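If you scroll down you'll find the structure; I have some questions about it.
Think of it as A, B, C and D in the order they're written, each chain with its own count starting at 1.
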Amino acid sequence: MIIMGEMMSDEIMARRVALELSGDCFVNLGIGMPMLVSNHIGTGKQVMFQAENGILGVGPRAEPGMEDKDLGNAGDEHVTVSAGASFMDSATAFDMIRGGHLDATVLGAFQVSEKGDLANWKLPGRKLGSYGGAMDLAAGARKVIVMMKHVTNDGLPRIVRECSYPLTAKNCVSLIVTDIAVIKVVDDGLELCETAPGWTPAQVQQLTEPPLIVRNVSSWPLSVS
Amino acid sequence: MSKVFESCAEAVADIEDGATVMVGGFTGRGTPSQLLLALREKGPKNLAIVRNDASGGWKNPIDVDILIEAGMVRKVITCFAVFGSPKKVSLLERAAMDGLVEVELVPQGTLAERIRAGGAGIGAFYTPVGVGTEAAAGKEVRVIGGREMILEHALKADFSLIKAHRADTLGNLVYRMSARNFNPIMAMASRTTIAEVENLVDVGGIDPDEVMTPCIFVRRIVPTGKVA
Amino acid sequence: MIIMGEMMSDEIMARRVALELSGDCFVNLGIGMPMLVSNHIGTGKQVMFQAENGILGVGPRAEPGMEDKDLGNAGDEHVTVSAGASFMDSATAFDMIRGGHLDATVLGAFQVSEKGDLANWKLPGRKLGSYGGAMDLAAGARKVIVMMKHVTNDGLPRIVRECSYPLTAKNCVSLIVTDIAVIKVVDDGLELCETAPGWTPAQVQQLTEPPLIVRNVSSWPLSVS
Amino acid sequence: MSKVFESCAEAVADIEDGATVMVGGFTGRGTPSQLLLALREKGPKNLAIVRNDASGGWKNPIDVDILIEAGMVRKVITCFAVFGSPKKVSLLERAAMDGLVEVELVPQGTLAERIRAGGAGIGAFYTPVGVGTEAAAGKEVRVIGGREMILEHALKADFSLIKAHRADTLGNLVYRMSARNFNPIMAMASRTTIAEVENLVDVGGIDPDEVMTPCIFVRRIVPTGKVA
């Protein structure tokens, strides 16, 4: 047993993910933790958020008292829209997604495999789950970024050799941002790119099932934490 | 014959046992709650429901769940069966575990496209979504343009219950904001589409360029006013 | 050689076709002669005309000087729209057609076979033709009414045993209105329903290749001619 | 990076030899004539064109025909190749007879659906249209829901040249009346969509409920004003 650093907060993870979204791009944020990312887009960036229930240009949450009954995101939050937004039906919203028009999506996950397989819709042994738009986003977005805690509540690795949870899509993840590291899915496996403050590559490896490629690891940018 | 009905009860009066019914809306936005209440009152059994987010957890209290609760549903085709905390068991999941309701889980975009295909006379289509997952179980796989795709079939229904913001008396519809969602495609995919509408205007009251669902797709309209 | 009656004019044929369009229906009129039908819809009928270039609710032609550059039908005529009209893109216009939402279409034809096969898009021996929306309409509309001259300019029957012209769709035509007769496609062949003024069933048969079923032939309604 | 281009010439400057180009419009309505003129000026060869009514007979003088006439086109995918009197030989048919241009004739609804599929990530679909005709030659036939259908594949392109009535500077588009036609679906089906627009407004100048083509589908906008 080695001494571990501190896990980063969800907000800090969100800030790290936000750095991946370059200017002038279209992004869908999955329900839950990924939705935090929208609060951390730097100025000067023209990032437009899509919600699969039919909004391009989702803005910040509505102020209390300013909610509109017809305006919510896919996670049932009262939101606003940004300038230049548009509404569309569900078929068109998924034409955008499936058709490869989104530059990126940020999704939560139960597990990611070393080949970039994603599992995020159902717990094993459970009768039912919810696909929502996850399968479509995982298959359709040009870049799939996973944002998740590095280990389960029981301390088990979520980055695994093979997913034991039901799959959402094979070989779709490009980047994994966890509460302790940033890991890229590359041709020959998983490359550790960054560690969070207080974490060494060896410590991250300890909590990761497949071997991590360590070539050029840097520390998480200071601006983030 | 006028398409305008005075009450939701009259509009759903011929939905009988065993009917397949599509229900619009997403997290309660654009959900035809008044038609659903009238349908529960009428009480047909063994319904098959096609719906984005059947069952639980969203804030909207009146949704397809009221039909499941009333024991009127034998099958649900949906993409959400579990909500919020993955450990919470939804009404639908409970009914499925008890063997009361059959659930067909479909990825959301595939669900939308299958409904659209049903309305558009397309028999089936190949999509890359779901390849290599449970969603592909038992489905034909084919490589198209270098990519594996699965074959998905069109969905049609006897009735669609939808909600619109504005209608003229011919049945042209306009939706508002994110309450549009599944309503326009479901309007196309049923033999009889029934729209609950917040505002009814005379013919000519909607600019032809702004119509989102042309009147050809709508059989019945019930003006219900705004319901929270 | 027997003495024939006079062929009815296009306008009279259009009037006869219009009788087939009952109240409250949605109809697409093919390019050319079928477009005349819209002038003969009786009062009290709520017939809405679709144009496959994206109009539901095509109205009369635009008065000279009142043309709108953005408003034309599929035959490039300046038209107007009726009250309650809507515009849509080409995909949606054909969803309507292919999806079986139109009650009827009226199409011109080169030939119709005794099984209701339709040929109307290409001359035989010609390198190219124009499908336009004819194949979609023939396959998708609930009722396909053909409106055509009974014989070619050379006097050859257009109602034939088998089409020698390239097919538009098999077994799709329900009713044929020509300049001398109204013929229904029924299970056991072609049934002669009406003859135009001055025409006997025998004379119509003379100009028709397959045998016509003659059960209950009436005369073309007087109101039409 | 601004999407607004000052001239059509700049907007089409990277359309090179061999490109596949979709062109919106129907009988001249919604046809991007100014972009077509600029493309003729630029002069790439061996273009493959996807277009509803390529060639002849309509009243609109500036259409894909100007590219065919200039010898820039190797292939046309269209549903109209002959117009008006069936005995009249169109420019396209003449070029095809001379072996200069290959023509793929597609039923109009199938053409629209193949373009939409290309934009929507659908690989192929089954349609009842064309069964038993030349349009089905060489295509897979399958019975779906008791009806024979043929398999049709998605169409994509390198560029789409389209025309809109109104745009904001982000590229959200609104079309007017029957000038909408193929423009919205072509906007989705290309790597680079270039829109010629009659009116350019600031961001926020279009109601989000009225946008017909969301800005995600549009790369370049050229305000050209109204051209007869």
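Points worth noting:
As a working rule, a contact is a pair of C-beta atoms (placed from the backbone, for glycine too) under 8 Å apart; a residue touches a chain by one contact, two chains touch by 3 or more.
Computed from a predicted model, the values in this text were never measured in an experiment.
Centroid distances from subunit C, each centroid being the mean of CA atoms, peak for A. Taking B-C and C-D together, the pair of chains sharing more C-beta contacts is C-D. With centres defined as mean CA coordinates, subunit C is found 57 Å away from subunit A.
Distance from the subunit B centre to the subunit C centre is 36 Å, each centre being the mean of its Cα atoms. Averaging C-alpha coordinates per chain places the centre of subunit A 29 Å away from that of subunit B. Among all residues of subunit C, those that touch two or more other chains are 87-88, 94, 97-98, 140. Residue positions of subunit B touching 2 or more other chains, listed in rising order: 113, 116, 120-122, 127-128, 175-177, 208-209.
If each chain is drawn as a node and touching chains are joined, the picture fits none of the line, ring, star or complete shapes. Annotation, chain-chain contacts: A-B, A-D, B-C, B-D, C-D (touch as defined at the top).
Residue ranges on subunit D touching subunit C, taken from their complex, read 26-30, 52, 58-59, 79-83, 86-87, 90, 92-93, 96-97, 103, 105-110, 112-113, 115-116, 127-135, 165, 175-185, 212, 228.
Taken in their complex, subunit B has these residues touching subunit C: 1, 116, 118-122, 168, 170, 172, 188, 203-204, 206, 208-209, 211, 214-217. By the touch rule above, subunit A contacts subunit D in their complex via residues 24, 26, 48, 50, 56-57, 81, 83-88, 92, 94-102, 140. The part of subunit A that touches subunit B in the complex is made up of residues 51-55, 68-76, 87-91, 93-94, 97-98, 122-123, 126-136, 139-140, 166-170.
Note for the complex: subunit D touches subunit B at residues 113, 117, 120-128, 142, 144-145, 147, 149, 153-154, 174-177, 208-210.
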